[in-house]
Structure formats: structure tokens, C-alpha cells
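Presented sequentially are two complexes of subunit A, the first with subunit B as partner and the second with subunit C.
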Partner chain A sequence: MSLLQSTQLRTEPTASAARRALVRAWPELQNPVAWLVALILVIMPLIANGFFLIEIFATTLILGIIALSLMFLAGYGGMVSLMQLTIAGFAGYMVAVFGMSGNANISLGWPWWLATPMALALATIFGTLGGALAVRTEGIYTIMITLAIGAAFYYFTNQNWAIFNGHTGINTVATPYFWGIDWRADIAFYYVTLGVAAICYFAVQYVSRAPFGLALQGVRDNSRRMAALGFNTNAHRVAAYAFASFIAALGGVLQVWNYRQISPGSVSVGACIDILIIAVVGGITRPIGPFIGAFIFVILRTFALDLLVKFGLDGNRFRLLIGLGFLAIVFWSSDGVIGLWERWRWRRRKPSAPTRPGGGRHG
Partner chain B sequence: MLKGSVGLIALGSLLLSGTAFAQEKIKVGVTATLEGTYTVLGEDGIRGFQTALNTLGKKVGDKELEFVIASTDATPDSAVRAVRKLIEQDKVQILLSPLSGDEGIAVKNFAKTHPELTFINAASGAQETTYVDPAPNFFRYNMDGAQWQVGLGKYAYETKGYRKIATVGEDYSFIYTQVFGLVLEFCGAGGQVTNRQWVPLGTKDFASVIAALPDDVDAIYLGLGGADAVNFLNQYQQAGGKAHLMGGSIMIDQTILSSKGSAKNALIGTIAASGQADTWEDPAWQKFVKAYQDSFPPNKRFPSPSLLATNYYGSTMALILGLRQVNGDLSNNQAKLKEALAKIELDAPNGKIKLDSNRQAIGTNFVTEVVDDGKGALFSKVVKVIPNVNQTLGYDPAVFAKIGLPSRTVPECKKY
Partner chain C sequence: MTRFIERHPAWALIAIIAVAVLIWLVFAIWPPGLEQAIGRKRVFLNAVFNGITLGGLYFLVASGFTLIFGLMRNVNLAHGSLYLFGGYIGYAISAWTGSWILSFIVAFIAAALVGVILQIVVFRRMEGQDLRQTMVTIGLSIVFADLMLWVFGGDFYQIPTPSWLIGPVQMPLVTAVKSSGEPVYLQYPLVRLAIFAASCVIGIAMWLALNRTRIGMIVRAGVDDRDILAATGVRIQLVFVLVFALGAGLAGIAGVVGGTFQSLSPGEDTRFLLASLVVVIVGGMGSIPGAALGAVIIGLAEQLGSVYIPTYAIVVTFLIMVLVLALRPQGLLARR
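Right, the complex of A and B next:
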């Protein structure tokens, strides 16, 4: 386990017991790069303008949050769920349905502080129910059943006009406005997103080291032995789905606030796969992986077209460039960018040691 | 570690650059469906846009127009994402967007959050876009789907003698609007629409749809477009379908009539209606067709411009003429430009176009029939030209409002 490994490497024998405990719980507190990244993210509105702030960084954080929920399930639970985006989309739709939007015949017009918790709760229930179905399966079958849920939801939204307003979707969704601040204004929204992303990140980090998370990893590694030890393995898995669903739902709410609009295209099967790509490219062994993957994904998606045109190539082939980028990353590192980074660090630390680190297992 | 930090700082400073620079040019953002089911339509739209630039030039007074093109896939979210990118990253001041119906509704709503900019609809044709809660800075120089069907219902009933028809259409706003126009007129004349089937945009397998087509109807109306239409025709032909067909505006269009393979031959003799007819003899139309053909080598274009090319041409023309009227003056939140755009009367290739109070086009419509030119190429031959078609289709606005908004079941098949 890369996690335990890094904690062991970093504890110094001279540190006090309290400090050691703190460091064991939050090893990133010791890491200067983590502090630097955090600082840059906090002062980002000073360096980046509206487009980079929202379209690149806020979007990265939102997609990162959704992919983080997949990383939690896949990395710690060994369950690759393709319905995380569907849960996020469900939450987004619920915000639009319960809250205020341009489609007055559908939206119930609740204020945001009622509509948002409702959306989060419903999406968590939705994800937990999906999870309860999915835990009866393993490996490829989990992927299939969650993909089926995602596809079914996509086609349902496409065809249902009473609640989801079909292919048109729901437009002009209202965003929170209180304390005299428009929380969808660029800078305010960026901080909301950053705050939620940070909370989700540390929550996943914390849960992964809490007894529940450790038991979950035990279930992942050997569920029979855990069952023999008296753990209810299915209950652990369903609880993991519930936790991940809540995180995905948070991402979904931010997503709908970001675009002020939601339609079946936002929950398409392609978009579900995008989340998997993000998690795999970033690496599903650590919670930071999905955010790195989302950053790469957003950069490629936004600039591939311009880049091709700049080199005098046919801009219509930009999806090819995106695909090649992902192939390259996955080819050189099965653990995504995180794997590359760890391998590089490992090599620098112990030139004589074998080059492959332990690396986390995943489903 | 140090290297990494330096890299990050370098990245940060990189983001700083490229924010402010003097604007001698007028930047215009264009979106088209260059991905997904409607790729072919988007590509031809861009050809129409380029034809307009070739014909009219890019100069407005002493300023030069600069264009940035972004791609969408006919879903509303892709359109909003593309438009936001154009505004926020590329800093465009005017938008020529979007192509498809639901995109239009989403972009119109988005336009309200940027009241200072000007949005010119490129080709989308859902009724709701300009009919319900229109945005003051959103201008549409093409007719909507219902206007594009004017004349078809009567022609089918009176000349062709069809009494009962069924419809198959893609399940979204533009096709609802088309079927709305058809049903209103056909049922108004006394015809019956027995069955309306809706398929999701991007459907590949039409087996169940074809199996469910009723036998006891005189004709089947097809409201499909792009890859969906070609897939349907292929499978319909393989299933041995022989019914009379009627077509919507993007079904009987060069995007389908020039597709490869023999499936399109099922369309010979099909009647349709649209904002254009390939063989119209009007000199302005012929001149446009010539300009389109001269702008691209034969293997990189259709034999004749599609409806999308014509719409993009018309929108681009409105934009450039409007800008020239105000000499490129975009001051005071583009107020002068917006005023000029609302008043402009276009001599578009497909007839005269002027805007109503909702900034929606009033234009000319064409009833057509598909013919083979003898060399294997299919064209739509004009059978009837109907000038001055407005958004309420000639109905009194109060009566029209009672019909309701186009949807799967609206309008009912009766005389209003």
C-alpha cells in the first residue's frame, strides 16, 4: 500500500507523539509541494482571469470531485462504478427540478438552501440503491451493471418530458445569492468549488485511514477473510457507495450551478466514461489522482482543437489528439500520472533499488 | 522539489499573459455541430459561412473581422460550453451560433446573461427560441421549423391526395416544431395524422420503428436529419419499405440527398418543404449556388448548398451588413449594431428576410419534390413558393397562442 508506505517513510523518531499522530493522519502537511499547490490554488483569482478560473480550474475541481468518488470506490473498495457521473447528474437535475429555473412548469421554485440538501439527499439515496444492486456483483459485472444504470438514466432523461424535459433539458437554473454576494460570480464560485473540493479530498483521505476505510480496503483485498473475521462485507461496500454518492452529488450540484443548465448530454454514456478516463489517467491509488486527471482532461478538451488548427491540421480531428494523449499516459503508467510521479521519486531516492514501487491495487 | 515549484510559478505567469491587448479587430465566435449525428450538417454550415465571407469580404470600414470557430454536438450543454469558451477565452464580441434546435433554446437563455453582446442565430429552428421569452440581444434570420413546413400539408392533401399520414421524427424541439407546422396545416385541410413516433437523436437501430410503421396510411412523414436519416433510409430499404414518403427540412436536404449508397433513392418523388429549393430559378439563388460551388472543390462540398449552408450564409450576411451600416461601432454595449440588426432587410439567396418584433425572421418558404437529375444526383425541385411566412403561420396571434407549444402531442390533429 502506497499510503502506509508514505506514512512510514515520513515519521521521524525525534518527533513528539502528538506530532507523529498528526503526521500519520495527514502526511501532506509535511510535504512542501502540497503547501505550494494549496497556496497557488488559494491565490488563483489573482493570477488567472475569468476563463482560466472557471472554465479550467473550477471545471477541473468539479470533474475532480466526481472522479474522486470513483477513485474512492475503485481505489479503496475495488469497485469500478461507472454511474458516478449519473449520480452527479441526478443531483444536478434535482437542483433544477426542486429549485428555480426558466422552465417554470417543471421547477418547483424552492429556495436554494432547501433544494440543494434535497438534491444531495435524493442523489445519495439513488447512488446507494444503485450500489446495493451493484455489490452483488464483482469486477467486470460491477462495471456492466453500473454502466447499465448510467445508460438507462441517460435514455430516461432523454425521453421523459414531465420531470426532465427531454432532450432540451432544464435551462436558466437559478444559482445561490445571499449575504449580498452572487455565488455564481467567477471568484466567489471558484472559492465555493475549491472549498467543496478540499472538503471532499480531506474527507476521502480521512475515511481511507479511519477504521471503516481500513476495513473497506480489507474487504477489497480479501473479502472472505474479512467475512470470517466477522465483518459484514456487503454492508461495508454499500456504505462506501453511499459515501461516494454523496461526494458525486456535491460535484453534480456544482456542475449545474456552473452551467446553469442541465440536459441529457450532461449524463450521456460518453460523459460517464470520461469520468473513468479522468480517474484512470490521474491514478486511482490516491485521492489527488482524480484532480490531476481532471486537469489534464480539461486542458486537452479545451485546447486540442486550437492546437491542431495552429499547426495547420484539420481541427475536426481534435478527438484523436485527446485519445492519443490518454493512450500515451496509460501506456507508460498503468497507475496514471500518480504512478509516473511515484516511480520518478522512487528512482531518485534509491538509485540501486528496483524501479517499481509497491503501488496500490485496484479493481 | 525546487524544479517543480519553479515550473508551477512559470505556469502561473503563463496564464497571466494574453489577457489585455488593443482591439483593432472585431472578434466573432461561430459554433457548428462538427461532432456527433449532425456533423455533416455542421460542416456544410461552415461552408455556407465561408461562402459568405468570400462574397462579402471580411472588412467593416477600417476594421477587420476575425472569426473563431468552436465545435458542438447538437446537445444544449455542448453549445453552452462552446459559447462560453468563445466569450471568456477568445473574447469574442459577437456570436454566430448555434446550429441545432435545443442548442438554440440554451444559447438564447445564455444570451440573457450577456446582454452587452450580440447573438445571431446561425441555423437553429426551434419555435421556442424566439417565441417564448425571447432574449433582446438574440436575432434569428432564418425561419423556424414550423415556418419551414408551410405549404406542405395543403400540397399533400390537395395535390397528392393523401388523407392519412404517420410521422417519424427525432425526439427534440426542432422536429416538434416541424411536425407542429405540418400537422396544423394538414389537419386543418381535413387530413388525419394517425401515429407520431419519436426516436432519440443519434438512434442507430430503427428496426422497431420500421416494424411499427402503420400500413394503412397514404404516406409517412420523416423528420430526421444527418446520420439518423441515412441510417433510417438504409434500414427502411432493407426492410422492403415501399410507402409514399414526405420529408422535413433537414431530411430532404443535400446533406441526405448527396449521401453515399443507394438508400437515398427511396426519396425520389418525396414531397417536402423547406426554406430553400435546390433548383429555384431566382437569379440571387443561382448566384449563391455558383458562389458556393466556386468556393470549394467538388469532392469537398455538396453539388448544391444544403439548408444549413444557406442559413449560415444568411446569418453571416446579416452580421456583416449590420456591422457595415454602423461602421463597426460597438460602443455603448453594441446598441447601434443591435438597432441596425433589428431593422435590416436581407436580400438573402432564399428570398427576402425581415425580422418581427421578437427578432424572428419572416421569409419565403418552398414546397419541393425530389427529382433525379439523370446523372444519379438528387435535387429538390421547387413546386410552390410561399412568400412572407411569419412565425404564427398566418394565424391570429391569440389563436396561435392557444394551440400551445410544439411537443410530442401538440398540436392536436384538428382545425384551429
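Right, the complex of A and C next:
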């Protein structure tokens, strides 16, 4: 469907054509709700205090970034990768290993502006290699292989003391401080995560409409036909992994700055699966889905305990709630919360409704 | 076998040399130089035996996984939960009645029942939607893990070994020669050998059932092409339920075995899920002999790795998987 849309682009020699092209490239510009959400996010520090700003919104944005990388692979590439959190965790570990931390015998003590690009580059390479391995098989096997990679990395960090410091992990990781600003202070850090999240969101949006993204969606829908047209389908898939790995690595760096420590618990299999849950609950056909999913997940994780206790239940059953919610979403909507909302809106506007929006399909 | 040698003489040669070296290392009396280089023979032999018996346990878990995958294209990521569930049930039965054998039977039936319910209530509704089924199994594994944590808590449980299986047994393998010229024989726990023998019996029984009986023929035909099989009038839904029950039941038995020679705690479900994933990726999806070969390779790699390169043991397992994926993406013994 996206392929068809792109062929319909005609150049018109009027001034409004440029504007129309801009709107077509960035449909968010015309959506008043998007502007409202953006405005609220920008002035959030005026509304919310430190706890909400970091524990809810910054955490949502970070998890959203990592889940966004999964959404890119699954939604546009048709590859459900469970190792996105592993890539993020690898980036976090690399920040801790190359930068400064409380474990002086492991950390190399590089300044942040050297350690961070290094971590991003290594994590991207790691993710690309993992992707190159995963694309050797197809469809359902991808989940198994990426899950095996994620689990192997978790057990490896647990076993290895020389680099990853075993199950205690690396603590008191240094965070950037320059221009007289402590970038880990609540408000500054919130804006950093917001900026990175916005860049990642628009980058995914842009790539999905660029020739590469369209070819990737073609590979997802019919890889044999794309190969016959002369596209190197495997190269497209590996490139998609590289791009997604970079996004996941950005999320991982932010995450280690947020918690200031990293341990095998941060890259456990459960955490890898949480990222899948976030992406699927939000919806994996559009880049906004992972952020919605992350918001729901963080709200549940933070307040489920109080809520469950209020209803007279055991507060520790948070994961049961998450699991049942995930099952319900998978059962009744193939496109997460976005899908439910769209179906509802579509049903309301039925008489004048043109077509169902949303290009990708899944499941 | 001969066809494999004809088609890949180099690989066959490497495999034969590797097996020959392993046999020599197991049976020969090590020269002093070798003992200095890589340590005592007793340590090596123990690691090899632990690896093979662990491979037996992995086979029990992975054979059910690969059977379900092969027939129904359902990657059952809740398989680890079935393992742990079987283990807990086995523990409860063995603590209640004191009978080890009974705990196997009850664990098999309980896990198989859960499998039947899952197949009828959940997976039948979404047949052919591989990805959605997998997502559902992920959700189920979270729910099961939390329910089991709720009921059994975070403690470690160990199923007591029955008295007639306690104690070491002398193996006819010389580990060293004393200065007086008297040979020292290897001592090995009887229960692990018994369990390994049992898993061999189960494996052979499964192979015979698949290759020599009518129902096995139906299952094999279903692995090849289930649509045509359904078109010939076989009640394929019944076959699906039976195979799911068998696979889940095997996971339950494996839980009792794992609870006897290791321990049961939350997190073991993930460990055995990973093990069965790697085993079937290495051995080949949907192939029972592949699961057996993969299980022995992974078990040996894990145990030898943890003895000789302790902090990088998991990497060895992982490298084997990478190597297999790079050279033979469909797995060692898969046909397609």
C-alpha cells in the first residue's frame, strides 16, 4: 500500500505543491493532536515534579525508544527481534566499561564524549552481527534466534567478571557534565531524552518513507518478488537491523545514565520480553505505538501495586496483570491499542469513511 | 551415513577425527604431559559424563519442543513453564507420597493436561498464524511464571533421590594408575546414569513410535504437509492434541528429572527454554534425532566449557549455534 502511495506522487509546478509534499512527508504537521502532545511534552517540567518527570515520562521515553527499534524491524521489516533490549544493554555496559564508574578496576575512565560514541558504534556492530545471523533464517525462526542471543548475553554477563563484573554489575556510572549543566539533573535529563526520542521518532518516520524503507516493506510483503526485481533482500534486512540497533543503542545509553548502574538484571530475558510486550501492546504498525505502549507499561508498573492492594489483592501480582493484559491484546487486536482506537474511530465515521488508515499489517 | 560421507568427505573426516580423539581421551590412560597441560583425567571424565547426562535431560525437554514445532509450526515459548510446572508437581507428589516413580507419572499427566487445554482452548483458534501463536505463548509463559511464583514462592526445591538410586557406582574406566601399579576407577552417581538410560529408552521408543507405527506415520506425514494429510480424511485436530499432550508431558517428566539432579526455582523455566531453543536450532527444527544430537553437543559443550573456561562457558554454546547457523542454517539433521 505504501508502495502504491509513493508512485502516486506527482510533481506540480505550483507553490502549494511544495507545501503539500511537505505535509505528505510529515503528516503529523497537520494533526492538531500531535501538536498538542508535543506542546504538553515540551512544557512538562512546568506541570510535573521530579518523580513524575523521571520515573514516568523519561522512563517511558527511554523504553519507547528501545521498543521503537523493535517496531521498526517488526512493522516495516516483518522481523520480530527479541534482542533489542540486549543491544541497548550492551550499549549501556559499554558506556560503563569505557566511561567512568565506581568500579575503577573495570572502567577505562574515558570522558563521556569519547565513551558514548564508542558504545553506540560497538552496540550497532553487535546488533548488526546478530541481525546478519538472524536473517539467515526466516519468519518464526527469527524470534527463536534473537531470544537465544538475548538469553546467552544475559547468562554471559552473569558469568563474566573481567568485563561485565558478574551478577553485581557496574555501579555509580558517571553521567555527562558540561557547559556548567549537570545533564542528569531532572529537567535537563528529561529534555535530553525528549530530544533523542523525537529524533528517533522522526528518523524512523523518515526512513519508512525513504526508498530504503519502501524497499524494506516490499521485502516484508513479498521477498521473492523483490529479489526478482533485483533487490538484495538480505542486505536490506541486515541494514534494517543496523539502523534499529543504533536506535536501541541510543535508548540503552540513556537508560544507563538514568539508573546510573547496570547489571545482568537489566538485560534479563524477562526485560527483553517486556520490550516486545510494550511494542505489541502499543501497536507495531506505526512509530507512535511503542511510546503509547511504554506509557501504559510504566504507569502499570508504577501504580499496579497500589491499585492491587486497594482492591484487596496481592500487590506483587504485577506481572500477572501485565501478562493477562498482553494476552488480551494479542487475542482481540492484531494491532495493539492503536488498532483498537482506529477500529473505534472507523466505526464511528463509517458513512463517510474512505479507507482504513495504516499501511502495515501484521500477524 | 554413507551418503553424508560421499557428499562431504572433509566434514566427515573432521567428525571422525573428533570422535576418535574423544574416545581415546575417555579410554586411554593419560600420559603425564597431557595431565600437566589440561589437568586430571578424573575431572575431564566427570565433565564428559555430566555433559552426556545433561544432554539426556536437554533431550527430554527439547524433543517435546521440536515435535510440537515440527507438526504444528507452533514455537511454544511456554515450554520452559511446562518444564517447571512438571517439576513442581513432581516435587509436591514426591513430598506427599514419598514415591519417586509416582511423581513422574503424575507430572506427565498434569503437564499433558495443561498442553491439551492450551491446544484446544488457545491454539486451535489461531491456526496458521505462527507469529500470533508465538506471542500468545510468550504471554502464557509470563502468566504461568507469576502463578507458579505465587504458589511455590522463590525457594529452591529439590526432589529427593530414592534410596535405591543413591550412591556412586564404579565405572570400568581407569582414571589414573597409582604408583603401586593399581588402577583407579571412576566413581559416578548411579541416579544420573539411570536417568540417562531412561532418556535413551524414551528417545528410542519415540523414534520407533514415529517410524514403525501407524500414528507415527500420520505424524510424519503431518510434519511434511498437514493440509494434504487433513484432505485424506485424517482427524488432524485429534493428532494435534495428542502430539501437544505428548510434548508437554515430556517437558513435565523432564521437570522431575531436573528437580532430582539439579533444583527447581523461578528462572529455571527460562534456562531450559533457552537450552531447548539452542538444541533444536543446532539439531534441526522438527527432527527427533536432531534433538538428540543437539542435546548431547550442547550438554558436552556446557559442562566441558564450565570446567575448562569457566567465565566464557556460555560463549562456547553460543558459538556452536552461530557456527551451525552460518554453515547449515536449517540445523544439522533437518531435511529442509
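Throughout what follows, the second predicted complex is superposed on the first by the 332 of 363 C-alpha atoms of A that agree within 3 Å, B and C clash if a C-alpha of one lies under 4 Å from a C-alpha of the other, contacts with A are read in each partner's own complex, and residues count from 1 in each chain.
Throughout what follows, a residue touches a chain if its C-beta (ideal position, glycine included) is under 8 Å from a C-beta of that chain, and two chains touch if they have at least 3 such contacts.
Just so it is clear, the structure is predicted and the values come from calculations on it, not from any experiment.
*Asks:* Should the superposition on subunit A be reported as showing a clash between subunit B and subunit C, or a fit?
*Replies:* Because the two structures are overlaid on the shared chain, the partners are seen to clash.
*Asks:* Looking at A:320 after the superposition, I want to know if it touches subunit B, subunit C, both of them or none. Which is it: first, second, both, neither?
*Replies:* Second partner only.
*Asks:* Touching A:52 in the superposition: subunit B (first), subunit C (second), both, neither?
*Replies:* So A:52 only meets subunit B here.
*Asks:* Which partner does A:302 contact after superposing on A: first (subunit B), second (subunit C), both, neither?
*Replies:* first
*Asks:* First (subunit B), second (subunit C), both or neither: which does A:143 touch?
*Replies:* Second partner only, subunit C.
*Asks:* Looking at A:232 after the superposition, I want to know if it touches subunit B, subunit C, both of them or none. Which is it: first, second, both, neither?
*Replies:* neither
*Asks:* Determine, under the contact definition given at the top, whether A:161 touches first (subunit B), second (subunit C), both, or neither.
*Replies:* both
*Asks:* Using the touch definition from the top, say if A:222 reaches subunit B (first), subunit C (second), both or neither.
*Replies:* neither
*Asks:* Given 224-232, 296-304 or 368-376, which one is the stretch of subunit B whose C-alpha atoms run into subunit C?
*Replies:* 224-232
*Asks:* Shared contact residues on subunit A for subunit B and subunit C?
*Replies:* Dual-contact residues (subunit A): 155, 159, 161, 316, 319.
*Asks:* Which stretch or stretches of subunit A touch subunit B in the complex?
*Replies:* Where subunit A meets subunit B, its residues are 32-33, 36-37, 40, 47-52, 54-55, 102, 155, 158-159, 161, 166-169, 171-172, 259-266, 268, 302, 305, 315-316, 318-319.
*Asks:* Once bound in the complex, which stretches of subunit A touch subunit C?
*Replies:* Checking each residue of subunit A against subunit C gives 80, 133, 136-137, 139-141, 143-145, 147-149, 151-152, 155-156, 159-162, 269-270, 273, 276-277, 280, 314, 316-317, 319-320, 322-324, 326-327, 330-331, 334, 362-363.
*Asks:* Help me check something: in the complex, which residues belonging to subunit B touch subunit A?
*Replies:* 1, 4-5, 8, 12-13, 15-16, 19, 34-35, 43, 69-71, 73, 75-78, 80-81, 84-85, 88-89, 102, 105-106, 109-110, 112-113, 133, 171-173, 198, 200-201, 407-408
*Asks:* Touching subunit A in the complex: which residues of subunit C?
*Replies:* Those in contact with subunit A are residues 73, 75, 77, 129-132, 134-136, 138-140, 142-143, 145-147, 150, 270, 273-274, 277-278, 280-281, 285, 310-315, 317-318, 321-322, 325-326, 329-330.
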